[in-house]
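Two complexes, one shared chain (chain A), two partners (chain B, chain C).
Entry: the complex of A and B
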């Protein structure tokens, strides 16, 4: 019994390690060779140097993409959280016929691939005779992220919060005051977490942004065009930078949303 | 009469509740209706239109799509790739999630899980590029193999369908490990103890108790894998070479080279139809609310 158990633990440990290596290898290689002192991001490793990060910062197209990505990410996440929060409030605080259906409609975009959302927007702007633009990326990112913000807010608007809202109402607060002075401060951590999550997803999103833009593009599209030049440590540097930003935001999400419960 | 007043008041209150609820949800619903549902309708109309001229609505695009061997091949490639990826990801992710849930001490589990899904948060573009770094002829795998004198010339790993599968499996192991883990930690450990008290071996109690109870987690993971895998253009485009095209690549070719939006719409709708069929087939086994 002892012997088999020990063997079992050994096999488990081995399998876990193998999985971790497989999962983390590409990211580790990406980050390591962003510090490569040489023209190719392949072994043997020389360095470290920050040269490729400096090259990336002085690359105008990359910086324009970065600015566009920030703009799209901030505005689409803000819209997603506002719309998602309001809908979650309406659904959780009022009883009405067709509520289930409404919830279903809001959640629907979560079940389709981004390609379909992007294609739909592309066909729409072309049938309306509009040109591609960053605004359409914002629109598309709200479509894919707002359902998430809605779900996160809905999960936080429980009975406990409802009782406090009633107390505020009994004391004479209007709906608007309850919303802004009571409800929103109470679930502010969840709203910030939802914002960070939406931003992470928008910041990384490729296919919608690719379909509905042409000249003004977001960072993932700039990276995409850089790939045509083959392997390049500058691409590693930008990829590592995007990745680290996402991870920092996710740590914020983790601290705000899950820390309290455990 | 007081009783009617009360009921009138109730009616009024209920109507106000309906109006308020609708008013709060309206912006969100309107956004989805205008920028998601309406575009889908326009796409459907497009898919019935000929590319040039003013011909009548017809199913010609669908007939052409399903009658052209190269396109049918792309559908088949996509379905086959997705099936392979779902099966391999589930097989590899299950033991991983199981070990995380039952062998790793409780207080380390969250951290272990967070580390296991780190690359999940990079974009498809960056992730596929990173695999290119690993698999390239001068990449790290070939470098290790050649340093160890296992081979003396680089092996071609990148730019073929196998590399696409690898890139997909890498991503979907993380996704499936998440859904299966979330399911496993919810299973009451007393069920397994009860089975073992009744004389079942560790293996038998796993087959008879744990495995059936973790089907919802596997099904949700499998469905998300299908949705994301079958619609992805980046991974095959970067890693797959240009030999065996998948459906999203063919759709992008319609848009970029042929400038044929009606045909691209037709193909996207067929793609979505495939996903919908998978959803209907898996729906009963998912029970999303339990996760």
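Entry: the complex of A and C
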């Protein structure tokens, strides 16, 4: 091997390692100090202990926030994917006046900041006489996530898929049967990917959730409130737990969906 | 069968904002026919197939299948199924589920469902493939699955949209034979779209030649090839020598035609004084003077050996007329050689210019 090539390999290897350290070091530190045997999650490290995990699990507010976040995440993602899919199907399969305009309007919330969406929602629910609540967080998250689900589904509903739907119609299937027996199963990987993305975004969304809730709040807001009282290994424990859940979800999705295809 | 045609298309028109895709197309087909719609791209053949299948609704006109008006029916409610160009199999289903899709929609259940799937797979030569995934199959096998899926619901008419285009030559020949065999065994009417005239000749009991949204010519492969009704048909159906001329009298379907290489006798369908083109297939040009119509002397410009024969290009000595002909592989062929050409008058076909 020539020395320039070897040097190139060395530099790129170093660069890659640096990238990964930059991305993963904060997470590693977070996880490490969740096992800290002491009151502050800062060096030097003492331990390890599982005490902070036990504290976190027995913290009612934290657990309520976790439950609320799960509820908001699952329901807003499901709604986003269903609405986004149906909108994408309509846009890709039918010709009608104002189609481009409609498509633009559906995509538009992607370009609006979360702050504006949250403020708008707050003003609207106040003027309607509705109080802040978790339902409104669900509404807000559908507003910001539906365009994403729409775009992901639309990209999958090309001419090839259209031909396959034609074949189903040709064999006697009604529109409902085409959707449930052919279109949705066919693009299921994309729909599940869209669901996971929506869930992730909803899971750690702060601004909208902060603006439109009052007593029942989501996990990011509970953690934020706790952090205002100072650093605490308990929050590290919650963070590590959530990270573990994300990794597990990723592995499940990878194994179930994407292994089979190759 | 009653006298009513199985597929009855009357005065069909399809006009898109700028383009007329189908222009007054009428066609009547008996049950059990193998119809091939033949034409170049943009000729309207695929539009016609789509109209029969219900994927487009014609601007005007009528389509009847088995005595029932289906002009505006959705594809789901028509007694037709389609073999799509890229097969359009359901990628998330097994072979058996693909074939069973139409049966499921028709609420066929249990033992009958399994039996009919097995029957359909056996019919296309895919015994025991039911559990496989679509991605595990080759192109030819996918096509067979698509065929089984379309035929298992027992359609009145099977529509085939350029089904052999994606296959290599050997497989294409093999599938041609199998399609013909399937059509005979099932006794169903097939309507097949292609731009390949050899494929059309190999398969069709009726060839419909289309051009610019109109039916240019329609008949048996033999008739279309030997006695084309128009110059377009003649050109599209294969190579020929074309001689321009004017009709000057004649009787009983045999005309005298004045051409640049003398007065020739020809058959055809044209009035006195009409400007015509005489069509002569390469294999019908005789070297020597054995034919009853002399074509004069010509000089060989080019000869290409093609295995079964030489393809020869020649020009008349008087100039101005080119000939394309075939010579046997053992013939002595040299560039610049002078030959006498003739043909039978029954092989010289006059068509409108």
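Simple rule for what comes next: the second predicted complex is superposed on the first by the 217 of 262 C-alpha atoms of A that agree within 3 Å, B and C clash if a C-alpha of one lies under 4 Å from a C-alpha of the other, contacts with A are read in each partner's own complex, and residues count from 1 in each chain.
Keep in mind that, in the parts below, a contact is a pair of C-beta atoms (placed from the backbone, for glycine too) under 8 Å apart; a residue touches a chain by one contact, two chains touch by 3 or more.
Predicted, not measured: the structure shown is a model, and the values here were computed from it.
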>> Applying the document's definition of touch, where does A:132 land relative to chain B and chain C: first, second, both, or neither?
In response: neither
> Of the two partner chains, chain B (first) and chain C (second), which one does A:73 touch, if any: first, second, both, or neither?
Replying inline: neither
>> If we overlay the two complexes on their shared chain A, which of chain B and chain C does A:207 touch? Say first, second, both or neither.
In response: first
> Of the two partner chains, chain B (first) and chain C (second), which one does A:15 touch, if any: first, second, both, or neither?
Replying inline: first
> Any idea whether chain B or chain C touches more of chain A?
Replying inline: B
>> With both complexes superposed on chain A, which partner does A:65 reach: first (chain B), second (chain C), both or neither?
In response: neither
> Residue overlap on chain A between the chain B contact set and the chain C contact set?
Replying inline: none
> Taking the complex as given, what residues does chain A use to touch chain C?
Replying inline: 160, 163-164, 166-174, 177, 181-182, 185-186, 188
>> Show me the residue ranges of chain C that touch chain A in the complex, using the header's touch definition.
In response: 53-55, 74-77, 80-82, 84, 86, 88-93, 101-102, 104-106, 149-150, 153
>> Quick check: in the complex, which residue numbers of chain A touch chain B?
In response: 9, 12, 15-16, 19-20, 22-27, 29-30, 33, 40-44, 83-84, 86-87, 89-91, 93-97, 99, 102, 105-106, 108-109, 111-117, 119-124, 126-127, 139-140, 142-143, 146-147, 150, 175, 200, 204-207, 211, 220, 223-224, 227, 231, 235-236, 239, 242-243, 246-247, 250, 254, 258, 262
>> So in the complex, the part of chain B that touches chain A is made up of which residues?
In response: 14, 17-18, 20-25, 27-29, 31-33, 35-40, 42-43, 46, 92, 95-96, 99-100, 103-104, 110, 114-119, 121-127, 129-134, 136, 138-140, 143, 170, 173-174, 227-228, 230-234, 238, 248, 251, 255, 261, 264-265, 268, 271-272, 275, 279
